[in-house]
Amino acid sequence: MLPSTNAPRRRVLALLIGALAIASLALTTAVAQADLAEEQVLRYATDGRQFPPLDPSLGANNISFPVQNMVFDSLVRFPPGSPRLDAIEPALAESWEASENGRVWTFRLRQGVQFHRGYGELTSADVAFSLERAKGEASVVAGSYRNIAAIETPDPYTVVVRLAEPDAFFLTGVANKYGGWIVSQAALEDMGQDAYSLRPVGSGPFMVEDVVPGEVLHLVRHDGYWRGQPIIERIEYLLMPDLTARTLALINGEVDVIRGAVSPEWSATVTNAGMNLGFSAPGQFILMFNMELEPFDDVRVRQAFAYAIGRDAVMAFYGDTAIPMYTNVPPYVMGALSAEELPEPLRYERDVERARALLAEAGFPNGLEIDALASENPDYNNPLQIWKELWADAGIIVNYTAVDHPTYHARIRSEPHTLIPYGGVKAPHPNDWLGDWYTSQGGLNFSHYGQVDADGDGTVDSIDEYVAAARATLDPEAQQAAWTAAQLQLLEDMPTFPSHVVKIAFALRPEVDLGYELASTVVDGVEIWETTRLLSR
Amino acid sequence: MTFFVRKAIGIVPMVLVLVTVVFFLLRLVPGGPAIAVLGDRATPDSIAAFEARWGLDRPLLVQYADYMAGLARLDFGRSFIDGSSVRESLARAVPHSILLMLAATAVSLVLGITVGVLAALRRGTWTDGASRAFALFGFSIPDFYLGVVLILLFSLQLGWLPMRGAGDWDDTADLALRLIMPALALGLPTAAVVMRIARASMLEVLPSDYLRTARAKGLSPRVVSFKHALRNALIPVVSVVGLNMGLILGNTIVLEIVFSRPGIGRLLIGSIFNRDFAVLQSTLVVYAVCIALINLLTDLAYGVVNPAIRYE
Amino acid sequence: MSDADTRAPAETSTRRYRWRRLRRRLAQDPTATAGVLLFLVLVTLSIFAPMVTPYPPTDQSPSRLAGPSAEHWLGTDNFGRDVLSRIVFGSRISLVTSLASIAVAGFLGSLVGLWAAELGGRFDRLVSRLADGVLAFPSVLIGTLVLVIFGPGTGNVVIALSIAFFPRFVRLARGDALAVRDAPFIEAARALGTSRVRIVMRHILPNVLSPIATMATLWAAAAIRIEATLSFLGLGAQPPTPSWGLMLRDGMDAILFAPGLAIFPGLAVFLTVLSLNMIGDGVRDALAIRD
């Protein structure tokens, strides 16, 4: 070793250590980022043949919801992957308060939220505009917003909504669904209705770039999104009505997310191929008895029909893609009574003997025969096919004729029918589930509960008072008491047999990292947020 | 020439009658478009608003006049579901259907004529028998079932061919790949018909000693007279082609559903279930015009090939 | 004057002779014989379906989407129903709808065609124009339109198919009647002053029966195929009716894990159509051979 001073050697050493540090830092960063796929393009294939209008007041079905959720923001949102009303989060509104027992709601908006394509900042004017449209005559979601009496915008970041009647659950209306999605007033007026419905302008994490009607919707990320720039750069939202083709495309890697089927065999096929499953906020399936028609004016006949079928056979058919529904409020909704909380007779487990006995009591010792209308839609038709065989065991012959789904809906609204199977999705609180179907003013009340004498005691039976009571108070215990009373009464009077809740399954490729846990969702699709990303294969 | 001009003009009343009949009958069907579009959320208010927006609450004759006036301007209306222009949807869909139809016709002609001529030349041998069995089987198999079987074999089992879609116009290789199975499924049954006619007319035209010699020696010696015979033998085939193409266009609907191809079939079936009036009516018009044009072209071709009928 | 006198003496025995010759020719044709046998088997199975099948077609069992096994030779569908039983019962739908529609279309269409040929003039022109108009459109499309307007279901399918095949019979009967009307024995009958009705029904009709019957067989095969197509599109038979086309449609969704649900019903359609085509071909060949 050459004799030398320490200084140059220390300098070299320092440089070496510095270089090593930088190198290892770069290496670790590179390794950490190697998780992400190079191309952040998500392909999402869903069932359907056409895109509905994407304007939230004009389009509201399971094809539009996932896209609308990507394109628009709302005042509040359900936590991604678990739509519990009691866990609702701030979104466009940083904070809010309710006063007068839920008659007046005041929201304070976040500042600096930008609309797509340079349409400026989102202000209270846009919120007021959107809610007014949702309420309007031409709106397909007007029913949920009728209670709004007035909307005030004292300043650009404050919205005050005055309701005609107190509604403790008003927040569900301004969450991420239906009229809660806020549109850009400037863009709508600028583009016109039709153009806006094809390429809407919102403030959400993604914006619509292009659409090929009937085939695919192209979305790109909104760089100025207020929660942060989304990791996914492009989304292709494809329509593929053939389930097999969709499934194959997923397994082959041509698409990353698909809407699946309610079938345990399908779930098995998909999970065996290494895909992940997710489930959506399910819809209920109920069987309404028209109490204005004989023999369903007799509570014993209705109970007999219920005891004859139970729920086990339908559960066996659906496997793990369905949950039995024991009360008229689905089990995943807050306030729903569980099977254990119900007295045994009200659980309506299958009991053919009891069914026959009830029929005999009601004057049908040899069983009975009725005609009914059915829909061809498999979700409506499959349970009916199962029930028909079960009813036969109890001496009940049901002759049903099937018509296509739109005709079915038209006819049940214009003609009286004996049995009305019905499915539907509502907001996650009991008032929404009890309202349309079981209150005397309800628009889907085909059983006419609340309008007739249901239990044969000479007086009209109704749950209207319970529903009103729950809405008029902000006290959770009082609400629960009302809901419990309503559910028990409905089970005793049996105007409708609550059968099951069908989950909708989605399948995702293992590389899809949603950024949250998909246990359920209100959006009837897979929610893609700014945290979603694609890992490398 | 006037013969064909007359025939061409003759298409118009037929199409008009069809459109009118369908127009009025559609509006008599229960469960109108409002319910189909609004679905479970349909309430009397939203239904009324929907009908007002689309002018469905006006008197039927007014709606009819409006639609016909639009047709004259080539304005086919808009879809109730997504508001898209029907003309644009048709402009996108028709080429795909025509492509499939032409491909299937090509399959049926190539396959049918080849097998038919071969069967005629090898008359009485097992080739002939096998060809006739092929024709019988091909004619009996439902085309959509054949499509499903092909999918099962080549897409699901072997993974060789894509099972759905038509591909992009700018990617010819992909386009061709996705055309193979549907064209086969659609073309095979009609290939059977072509095969029989080709065989029968070939047998009629060729002198029988030629056949015997050909069987014994192969084709080469009498190529010239063979070509002449072939040309004459194909005259009946031409008349069948027109019939074939009509048949093929008819069954295109089903096969487009089986293979999820973006053609007229998908528009038609989708609009039926959705009660999407403008799409349904306009697709029918275009469809009817296509069929009429095919018939016309066939007559034209037949007239060219066989001058005798031109002066009827 | 009795009827027997106005008929040419050779006629009756010619007809009987022709039938005997037809049967003999058919028996010598292996394809036709096979077709007849196959068809008879299908019809027998169809008629005796409840006795022949191991399970009722709508009986649901807990074993769903099972593959072929000893208990279920062709497996079960997504409701646990036995596929074999459903296919056998499905033959009833196919056979009844096609035979009924061909019978209706054949009866009415032939009558109209015969009378169009006889009456000529404006009636003939109108009928021909209408028939050509309808015939210009593919049967599947006509069926689709009818079912959209009238609604789905096997009954309406019969109506749809009858409408689709009616013009074919009209054209066929008209064409054959026109060919026959100049025959000497017809002229003779006219000269004798026989009424038109009698001429058409007693003289012309019997002579056009054989070509009509031949085509009817082939068209019945087509009708079965079209019924399956319409049910496949969801416009025809409705669940839980075990129509083959409907079974194929349902089978498509499960094709990844239970391909038999699609394969077997389609095979059934194929075999039935095949048998009818074999018979039709045989009859046509037999009749075409010149005396």
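So that you can tell them apart, the chains are marked A, B and C in the order they are listed, and the count of residues begins at 1 in each.
Just so it is clear, a residue touches a chain if its C-beta (ideal position, glycine included) is under 8 Å from a C-beta of that chain, and two chains touch if they have at least 3 such contacts.
Predicted, not measured: the structure shown is a model, and the values here were computed from it.
J.: Quick one: label the inter-chain contact graph as line, ring, star, complete or other.
T.: Basically all the chains touch each other, so complete.
J.: Tell me, please, which chain's centre (mean of its C-alpha atoms) is farthest from the centre of subunit A?
T.: For subunit A, the chain whose C-alpha mean is farthest off is C.
J.: Which pair, A-B or A-C, has more C-beta contacts?
T.: Taking the two pairs in turn, the one with more contacts turns out to be A-B.
J.: For subunit B versus subunit C, what separation do you get between their C-alpha means, in angstrom?
T.: Going by mean C-alpha positions, subunit B sits 23 Å from subunit C.
J.: Which whole number of Å gives the spacing of the CA centres of subunit A and subunit B?
T.: So the centroids are 42 Å from each other.
J.: Centre to centre, by mean C-alpha position, how many angstrom separate subunit A and subunit C?
T.: 49
J.: Going by the contact rule already set, what residues in subunit C reach two or more other chains?
T.: 151, 234, 252, 255-256
J.: Please output the residue numbers of subunit A that touch at least 2 other chains, ranges allowed.
T.: 242, 244, 248, 403-404, 407
J.: Counting only residues that touch at least two other chains, what does the list for subunit B look like?
T.: Expected reply: 29, 156, 273.
J.: Help me check something: in the complex, which residues belonging to subunit A touch subunit C?
T.: My answer: residues 242-244, 247-248, 261, 263, 265-266, 268-269, 313, 316-317, 376, 381-382, 385-386, 388-389, 401-404, 407.
J.: So in the complex, the part of subunit C that touches subunit B is made up of which residues?
T.: Within the complex, subunit C touches subunit B at residues 31, 133, 136-141, 144-145, 148-149, 151, 221, 225, 228-229, 232-235, 248, 252, 255-256, 259, 262-263, 266, 269-270, 273-274, 277-278, 281.
J.: Please output the residues of subunit A touching subunit B within their complex, sorted ascending.
T.: 49-53, 60-61, 137-143, 194, 197-198, 212-215, 240-242, 244-245, 248, 403-411, 413-414, 422-424, 443
J.: Could you pull out which subunit C residues touch subunit A in their complex?
T.: By the definition above, subunit C touches subunit A via 58-60, 62, 64-65, 78-79, 151-153, 234, 238-240, 252-258.
J.: Within the complex, which stretch of subunit B touches subunit C?
T.: Counting only subunit B, the residues touching subunit C are 14, 17-18, 22, 25-26, 28-29, 136-137, 139-142, 144-145, 148-149, 151-152, 156, 246-247, 249-251, 253-254, 257-258, 268-269, 272-273, 284, 287-288, 291-292, 295.
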